[in-house]
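The structure is given below, and queries will be raised subsequently.
The chains carry the letters A, B, C and D, assigned in the order they are written, with residues numbered from 1 in each.
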Amino acid sequence: MIKQRTIRLKVNSEQHEAIVEPRRLLSDFLREDLNISGVHVGCEHGSCGACTIILNGELVRSCLTLAVQADGADVMTVEGLAKDGQLHPIQEAFYENHGAQCGFCTPGQVLTAYSLLNRNPNPSEDEIREAMAGHLCRCTGYYSIVESIKAATAKMRK
Amino acid sequence: MKPCAFEYFDPQSVEEVFKLLDKLGDDAKILAGGQSLLPMINFRLARPEVLIDINKLDELDYIKEENGYICIGALTRERAIEDSELIKSKIPILSEAVKYIAFLPIRNKGTLGGSIAHADPSAELCLMMIALEAQIKIESSQDARWVDAEDFFLTYLTTVIEPHELITEIRMPIPAAETIHSFQSFSRRHGDFAIVSVAVVLEINDDGICEGAKIALGSVNPTPLRVAEAEDMLIGKKLDAKLIEAVANETAEASDPDPDLHSSADYKREMARNFTKKGLMQVLKRFEENA
Amino acid sequence: MSKEKGQSKWVGKSYPAKEILRYVRGRGEYIDDVKLPNMLHAADLRSPYAHARIKNIDADKALKLKGVKGVLLGHEIPDISNSFPAAGVSPKLKFYSMAVDKVRYMGEPVATVIAKNRYVAEDALDLIHVEYEPLPAVVDQEKALEEDAPILHEELGTNLINHRVLHWGDVDKVFREADVTVEDRFVFHSYAGTPIENFGVIAKFDPGEDFLTLWANFVGPFSLYFLLAMALRMRENKIRFIVPRDIGGSFGIKCGIFVDIVRIALVAKKYGRAVKWIQDRREHMVGGGRHSGRISYVKMAATKDGIITGIDEKWYEDVGAYMRAPEPACMYRPSGNYVGGYSFKDLRVDANAVALNKLESAPYRGYGCHLVYFNHERILDMLARKLDMDPVEIRMKNLINKDQFPYETPTGATYDSGDYKACLRKAVELFEYEKMRKMQKQAKKDGRLIGIGVAAGVDPSVSNMAYITVAYTPEERAEASYLPKSGGGETAFVKVDPSGTITVSMGTCQSGQSHESTIAQVVADEFGVSPAEVTVIDQMDTATHPFCVSTGSYSSRFASVATSAAALAARKVKEKMVKIAAHVLEASPEDIMAADGKFFVKGSPDISLSMKRVAGTAHWDPGSLPSGMEVGLSTQETFNFETSKTITADDKVNSSNTYGFMVDIAAVEVDPNTGKVDLLKYTTVHDVGTVLNPKFLEGQIYGAITQSIGGVFYEDYAYDENGQMVAASFADYLCPTAKEAPKKLDIGHVETPSPLTVLGSKGGAESSNETCPAALANAVEDALLPLDVTINELPLTPNKIWQLIQEAKEQK
Amino acid sequence: MKLEGTYRFNTAQEKVWEVLTNPKHLEKAIPGCEKLEEIEPGKYDATLKIGIAAIKGTYKGMAEVADPQPPDKYRLVVEGGGSPGFVKGEALIELSYQDQRTIVSYQGEGQVGGLIAGVGQRLISGIAKMMLGQFFKQIGKELKSL
């Protein structure tokens, strides 16, 4: 028999309460139970980075986190980045610099860029590539993603 | 790729963990950072009946200096070790090594205790435990014991931890001031499991004489490998190209790697030679810069 | 037909992709985002064995599990579905959507469970007991053709499942008369696109109407929609097939999903339910799709001054356990452009498709071309060395001249336009070839191993369906039952709404190529408005969107054929609007101009009507329309190529419709201690005809070259000697990350517009994926020349290169 | 995957042979072997519970002592399947006696298939070697217990 658990958490500053099986992955909980479709699932073993979210202020793989572990947590997904309809400068930069092609890895990439620029507002290209290396993108060859992040740093300095 | 069903406990204290372990023993698996365990659970390679999630044990999350040791709580995140000023100043090689662990989001969750309990012979932290002569505190409801890293790892993914036990702390002696180190890691891609990783920690006096030496390798043996023979060759000697060559050869001799998809045993052994050499060269360079 | 550049305001500009506005918000609409009421979830049980007989399957325990709604077993399949046919393959070879009585590769589905969610479905898989009788596996093309090799398909009695000897000119004569010949054996390994979004299917069956609705991240060609209807024993008009608006990457691989669609549709039919199947990463690696591998024996004949006179080659193709259409086209898709950019006339290809205990092969970016160009560009470098010629010089000598276009290749293609030598010259200049050679010499003195590699190739776009029929012998094609195939059309629908806004509907299944924004640019130009005012929906729905068998996103066809269809449709609607404006303004249509959302009389811009007004008239006031003109403003246009002819009796076929060109030059440095290769410089020059959007094209080029860097140095669809796929996760199948990808490419363009397309554009998305592997291999061998190392096998892992260096040392 | 190695025992060859072919001892020596039931001479039904760290799996299969030539050589065939996949192994085991010691050498092919092979290849050959080590270590103990 499977024990269920009630969890309460904040996602993109909205409060949620739900009953989950302990084995339910946070990625599935966000996508299926809360219909937050910006969390993409690409490998479920922590390699591709598509499911990356920000949990209590830190980047984590939602496929390597159990929903029950997010009890009481503050979660941010890519949906939480734009404030009252206004795109975040990083989102603008991805748009202006063709930083996405198929868009599937984009939510994770954007959030990692966001957390990178929060702790290092002026990263070198190597630092950008280092930080983004945890994300696989099969479309862009990463060039336009790196360019987007460079452009975002300029925007955010303004 | 969805986990099998399991029972889940998230105890609030170490005592609670011990109670659970005494009750559930072999059926239970400790969940720390989960960055190695959860992939195995998602693949259904690992099918634990019970998970004991220790992430609420804040008491095991600390880095502190205590009479000549750096003491790190078992639940301390790899990221915290990477960023710790204390470690940067006292054991810089540890901060360097941690950077090679996968990627930031993984290091944000992965813990020191979890990594060494998993005992992957390619894991940077397992290697560092051997190289830094760390001691691991293993506790149970009954008693507490300190185990030297040398004796801690038995073989692939296997340690001396008993089903009813829990790692609570890891401590490592602070290296002498004249210590010069180098950490080398060689992998297919950034963030991959290393084909070989090498830690070189030497104590060199002002005359350039090597007074203490630790050389340890990862992924060339069922457990991280400390090469005493190679270390002995260095004691009382001055580092030079010839000696470095000889020590590197000795290290390669001592490695007993198993082949995998990415590298044959011969290749791994050759890389052990290469990167030991590179490490010793870097130490020599650093010494000359200091002098 | 192609328009001069001056005319276009938006085409040719780096207009940003509107699609990204939803991607950065996490609002893309992918297959897994589609949810239906009380939908069930499917999971497949897959064989751990590469080759085994299924003696018994017992699923009773699984069916008893709470939450499980049903199961479909292999032995049910032949009673409810048909085997998939493939061109040039005996119908005796049975290929179903699931293993029936025998598994032929590790990961082949043997049972499908449907349950309330994927977790429970996977629990149920653990409860299914399969009794296997293991059989010896074969994973090597040449071993599989030996006397005592295990046979995959007993009913055929051989593992050779397709064989053609294609001969143009007189190769034997050429080799008899050759001044010089070179030959070698090459091994091209198997790798794939591994899109980050795995395959996904939703099948909803309505028993009442016997009607099936399908959703899948399928990219076409829609010829396969008819194939899957056949397999399902259903009429096409009983299947509605919807492709989600966004697809998370394909690179050709998602063409292969039709096999899974059939399996999921069958289980949905069996239980009369809606079923969702989302493939996980491990399933994608063992069961998704991969490009074929190839073992080749290549001979090249030439004159003493380096003019290629002929090529004679034999291929053993690793196509896996079955033949998944459009395979065996991995060998034939490039047939028209086998000769690449070179002017030799005599060629023989002995093509052998071999069944192995591996996942079946499927189309992947470059489809067949990268293997052909690897052989030809490698052997050409060997010829150059033998004649002591520079690789650039020997290529320059052999490239087709500008004045030879349109150029008829000996194998039946018509290269529509090009200036190949200009591309090579531009590449040499951008790369600073002479300077780099000097640098290489200097580095050699310092004991550094630096190498330079060149590769050139013709980049075919818009497959002509006829390419598939190369797999048939002329005799087979002569049979009455054989239906000739040709064509490469695409359809667009354009409408102007009563308020003057423009909507375009496409069915080109975009998977990262910014179709919507490109079409917006094209149509905006036609109407003289801004792309922002054009709404484009690129979402195939076979029930409502017009399409033809070739419709889809593959063979770099969009930029060439889809934009042509959209431009034509837009022109037709605009013509009508011009007529209306002329009628209302009492001017003659020839004098009406359109710009900035207005129609005005040439010379007197103040006599004008807004688009809104003209559109309003067409919809609201038909009474004021010219007599006989019908109400409304919409049309559908299909663009097809007159050049899309069927194959001739002597195997000549124009296998594609437009042909671009590219030259790649790479400089690498090899670390002899580790065998690791560093990319020092990479220059790539492309002719894709008219460039529609430089930024989009740049993105495709970076993507293609990064995938090839992956294929050459990191990625390997590795099977062990027992047929176990040992790279079934992203921890072992190593895709390049931002750290391995090139920081900067020097990209150049030469534009020779295609006379065949409306805008002069050609495809450019596969591009360097076809030439990069050869360029890199040539560069690595050039670097290792001082050590006498020959590179004739991929992938070039550090271990492999180190091994080659050790062997070379022992030789000495 | 190739498997080969040599072990030495300070015991008479006949004794080593006895232990290496006797289910009672094999049951103890084969890592994770829960039971070994003789179904026909030299052929046994085997249940193996193999657990390395969190990776635990139960394999049902058979073990066979094939073409025995006491006390010199036989083929050991082991086969089993379970949720993580399957294991297959066949080795020629040869015994010889030199200066008061029995030398046991094995040479064969091991095969691991399914889930583990697909996603765990990195550790397989190492773990196989490790388990063979455990096997012969236990055989040594069994010999002492005689």
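We take it that a residue touches a chain if its C-beta (ideal position, glycine included) is under 8 Å from a C-beta of that chain, and two chains touch if they have at least 3 such contacts.
In this text the structure is predicted, and so the values were computed from the model without any measurement.
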Top of the farthest list for chain C, CA-centroid basis, is D
Chains joined by the largest number of C-beta pairs are A-C
Separation of the C-alpha centres, chain B versus chain D, in whole Å, is 32
When centres are defined as mean Cα positions, the distance from chain A to chain D in whole Å is 48
Each of the following residues of chain A touches two or more other chains, namely 21, 23, 44-45, 130, 133-134
Multi-chain touching residues of chain B, meaning two or more other chains, are 1-5, 43-44, 190-191, 193, 261
Chain D residues touching 2+ other chains are 83, 115, 119, 121-122
Pairs of chains in contact here are A-B, A-C, B-C, B-D, C-D
Counting only contacts in the complex, chain D reaches chain C at residues 1, 81, 83, 85-86, 88, 111-115, 117-119, 121-122
Residue set of chain C touching chain D in the complex reads 48-50, 106-107, 126, 132, 134, 282, 285-286, 720, 722, 724-729, 731-732
In the complex, the residues of chain B that touch chain C are 1-5, 43-44, 186, 188-193, 195, 261-264, 267, 270-271, 274
Per the touch rule above, chain C residues touching chain A in the complex are 14, 16-17, 19-28, 30, 32-33, 117, 119, 193-198, 246-249, 251, 280-281, 511-514, 695-696, 698-699, 702-707, 729-731, 735, 737-739, 741-745
Chain B partner, complex, touching residues on chain A are 2-3, 5, 21-23, 25, 28, 44-46, 49, 52, 58-61, 63-66, 68-69, 112, 130-131, 133-134
